[in-house]
Amino acid sequence: MTGLFDYLLGLGDDALVAAQRTSEWCAKAPQLEEEVALANIALDQLGQARAFLTYAGELEGGGRDEDALAFLRDAHDFRNAQLVELPNGDFATTVAKTLFLAAYQNLLFTRLGRTAEPRLAGIAAKAAKESSFHVSYASVWTVRLGDGTPLSHRRMRDAVEEVWPYTHELFEPWSAPEAGLDPATLRGRWLEIVERVLGEATLPRPQDGWAATGGRHGRHTEWFGPLLAEMQSVHRAHEGARW
Amino acid sequence: MTTSEDPEPQAAFDATIARRDRIEPRDWMPDAYRKTLVRQIAQHAHSEIIGMQPEGAWIGSAPSLRRKAILLAKVQDEAGHGLYLYAACETLGVSRAELTDLLLAGRQKYSSIFNYPTPSYADVGTIGWLVDGAAICNQVPLCRTSYGPYGRAMIRICKEESFHQRQGYELLMTMMRGTEAQRAMVQESVNRFWWPVLMMFGPPDVQSPNSARSMAWGIKRNSNDELRQKFVDMTVPQADALGVTLPDPDLRWNEERGQHDFGEPDWEEFAAVVRGDGPCNAQRLRHRQAAHDDGAWVREAATAFAARAGAR
Amino acid sequence: MTTSEDPEPQAAFDATIARRDRIEPRDWMPDAYRKTLVRQIAQHAHSEIIGMQPEGAWIGSAPSLRRKAILLAKVQDEAGHGLYLYAACETLGVSRAELTDLLLAGRQKYSSIFNYPTPSYADVGTIGWLVDGAAICNQVPLCRTSYGPYGRAMIRICKEESFHQRQGYELLMTMMRGTEAQRAMVQESVNRFWWPVLMMFGPPDVQSPNSARSMAWGIKRNSNDELRQKFVDMTVPQADALGVTLPDPDLRWNEERGQHDFGEPDWEEFAAVVRGDGPCNAQRLRHRQAAHDDGAWVREAATAFAARAGAR
Amino acid sequence: MTGLFDYLLGLGDDALVAAQRTSEWCAKAPQLEEEVALANIALDQLGQARAFLTYAGELEGGGRDEDALAFLRDAHDFRNAQLVELPNGDFATTVAKTLFLAAYQNLLFTRLGRTAEPRLAGIAAKAAKESSFHVSYASVWTVRLGDGTPLSHRRMRDAVEEVWPYTHELFEPWSAPEAGLDPATLRGRWLEIVERVLGEATLPRPQDGWAATGGRHGRHTEWFGPLLAEMQSVHRAHEGARW
């Protein structure tokens, strides 16, 4: 059990880092429709990040706003799950990451939308709707790629294999009294959703093996440092400047 | 698609143009009109898509989350504009895939402004203020262009562009009110972009071979020089309000004309950039080509899946 | 390459081993000896090459130019070590290309330590101090290993490794004398690496099936547990001097034994990482595979050029 | 004509940025021999950068050492030619960049090795020897790839085409009184060397067209910001720390 501040950081950092990765597709997507759709997803994620981090900063009461939290923390102070740090890889890897994350977020946000903590509930309720769209989008593409050509089948299968070890961390014990929710209780439903999509996509559900862990406690992958270096570079080059 | 020599459809076409009404996809139209439109709309569509690159590269390091969201939404709008415009082109019988191939083969152009680099975050603001500002000057008259789908696309696009223009200006204003380093960034960016922006209106009227016919057909509503003048007159007071200097020693108010006098852009540079010999031409096309190639397997998968789903 | 059943060469081999002399490539040797050597030298070579990844990733952002140069030179040494060791393996009749294929197919291993991530710059120091320190403990006895080319390669490698070890220690010392954040980075890094480093000596002797034979052949000179103990005894005072805490509550000096007692590593985790199920196994092999694939056209060009040059 | 400080920055920044790019090959080179060779080149370049920047800092007398100059300047204060910023691309692109840069540096350093300014001459004389090795290495590979397979020929040709527009800037007017050297005077010899290598490699010498410019005055490519962001990230995250 952690405090609400840390919990909000975790929710916000998941969304922020996911937005950072999703927006890397800009001007590189497979077709224009995907440019628009991926930018939509990134904008939703960024909006969620801003809401959670702003709330976290106000709760902390130390004068840190969303930008101070996004741009002036070092890697070990970020509380996101490692899943969102994974490089985009090919489009299939991004689809797999988006599916697994959004299905988790949708379940989590739906539950948090009913907590007694009104501000958390408000942000979560909006985010739940958004993540539901992300699940649909990623599901459609998982099926198209899984059941598309032999090449796309292989790539989608490899992508699911590659991302799978990073899904376990999402369901590790991590909560706040105001959230009143053990993520482990979401895993059954998450598996149902994901397995149904994989089934439709003619893809096997990967074996459970090594499982990523530690992101909620500030342990991150080797890919995270470079991501932050890019994200924070302009802000840090102009200390104290306003934009 | 009729190419009839029958005088009747030509008369109907001429009458529509004369009363400043819209030509619609199913109407008869002269081949040259169609070709001119395809060339112009495609160039415009390609510009939106290529234009995503220089700004899109700053999304990852935008210095505040608000600016990141604004920039992401803007670049998304550009993708959307590309979509409408390719769709408008498709009403003239040319597919998006064909147009993309023509772009990648260097056989269709995009706005030369995107062949200039954006090495500074201030360029995001300058592109909004000056590049989108110039685009609006060019595009507002196109809302009344004679071809229906194009005109309607432009109405939607212009609305969004003017929003982008205000956001760009607001970013520059914030930076000009900020630190010394921020102000220097803005001035440096404006210095680089000013002349290329003036070139966005095309060569001087005396050297613009297609303009007259396009104006007769109602595709174009104003001459290059008219629009350039309008843009300069509109921009000078904005530059004053910002506190930046436009890098043209000949720029001054001409009381007699009631307009600004200004210097001549380097038309040789313009010609070089248009023929592919600008700072970023190769880079932009290589980037587009790589994205297109990398996405091929995805598009193929979608097609195969759709075909199979249709057959079921 | 003889596999004679003739007792004479076997006797000569045994005599060489018994007098702790070197076996050379052209000498007769038992097949199992050859196979064991190939497996061990290849694993060692692969470890050098895979080991370039976690540290190499920090060259680009090393926080001082001096550290950048040190790190670059170190990673270069690892490539060099890989070269000697593959060459030693080639004296046993297996080519570098074959060994690379076996690595990429997951049929040969590399040191499990490189399947742990290096997310912090302090890890560069920790790898030098602890990982290279453990490697030296393992490798110094190998300088006297019975196979000549392997032993000679190890002499050169050990000299460089102990240089790396001192550099790593010196980096950590500098950081421990630095800011609060730097000290915290070092402690956090040591916390992550301590147990995996202890596993570098291999499973406990009672569970180490190949050790006895390797020792009889003079390939190996000390048992896993002996080397692990030696490493711990050597490292504890260094940790004290640094001011870092080794994350083992059972670690204490045993006056009676004249050695340190210490806790048991998680051998289940070790087994999982060895069988490919560690934090970075897939990542490391994918990276190696991608570099191998991306370089194929270059190697092919060099071969084609050399063949043509030879024919001229 | 610029002051010696700015001139040393230019020499140092060329070497520093080149070292940064060259070392990106680490653990990614086509074969182990190239790992070793590219690291050698990067180490030479880095050593040159350190010598020039240290001297520049001492000359300035404001207490900036090599690290302050490398890690705490923003893009527009760097004085390197744009050539060294270009992404590595495939191995052929790196070979082309290295050939063009090293042939220029070798001519320049050889001349600077004979100037009356003793410290500049000393650094340059050592660097001249090093760059001579770089020229050999890159020449050998240009020929191997140009005259290798049809695929390698095409890639080497494309690489030469791609990098060529960035070579002109090396010979633009830029000097210091102590250097006493107009870079334009090096171009004839440079072309001879490069054209001989290209000829041996069965590659055409590209047409001159658009020419990069501005690097010596702080104008850089779009690739430069991300390069600096990575290079400077750890240093800047720990203000005032010593390493």
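As written, the chains take the letters A, B, C and D, and residue 1 is the first residue of each chain.
Please note the rule applied: a contact is a pair of C-beta atoms (placed from the backbone, for glycine too) under 8 Å apart; a residue touches a chain by one contact, two chains touch by 3 or more.
Quick caveat: nothing in here was measured; it's all calculated off a predicted structure.
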If you take the chains that touch subunit C and keep only those that also touch subunit D, what is left? A
What is the shortest path, in steps, from subunit B to subunit C when you may only step between chains that touch? 2
Is the number of contacting C-beta pairs greater for A-B or for A-C? A-B
Measure off the straight-line distance from the CA centroid of subunit B to the CA centroid of subunit D, and report it in whole Å. 37
Using mean CA coordinates as chain centres, what's the gap between subunit A and subunit D in Å? 40
Counting only residues that touch at least two other chains, what does the list for subunit D look like? 74, 225-226, 229-230, 232-233
Quick check: what residues of subunit B touch more than one other chain, meaning two or more? 57, 61, 181
If each chain is a node and each touching pair an edge, is that a line, ring, star, complete or other? other
Touching chain combinations (by label order): A-B, A-C, A-D, B-D, C-D
Using the touch definition up top, name the residues of subunit B that touch subunit D in the complex. 54, 57, 61, 117-120, 181, 188, 192, 272, 277-283
Which stretch or stretches of subunit D touch subunit A in the complex? 74, 225-226, 228-230, 232-233, 236-237
Using the touch definition from the top, list the residues of subunit C that touch subunit D in their complex. 49, 52-53, 56-57, 59-69, 72-73, 75-76, 79-80, 82-83, 86, 96, 121, 171, 174-175, 178-179, 181-182, 287, 290-291, 294-302, 304-305, 308
Of all residues in subunit D, those that touch subunit C in their complex: 16, 19-20, 23-24, 26-36, 39-40, 42-43, 46-47, 49-50, 53, 66-67, 70-71, 90-91, 143-145, 147-149, 151-152, 155, 230-235, 238, 240-243
Provide the residue numbers of subunit D that touch subunit B in the complex, in ascending order. 74-76, 162, 209-210, 212, 219-222, 224-226, 229
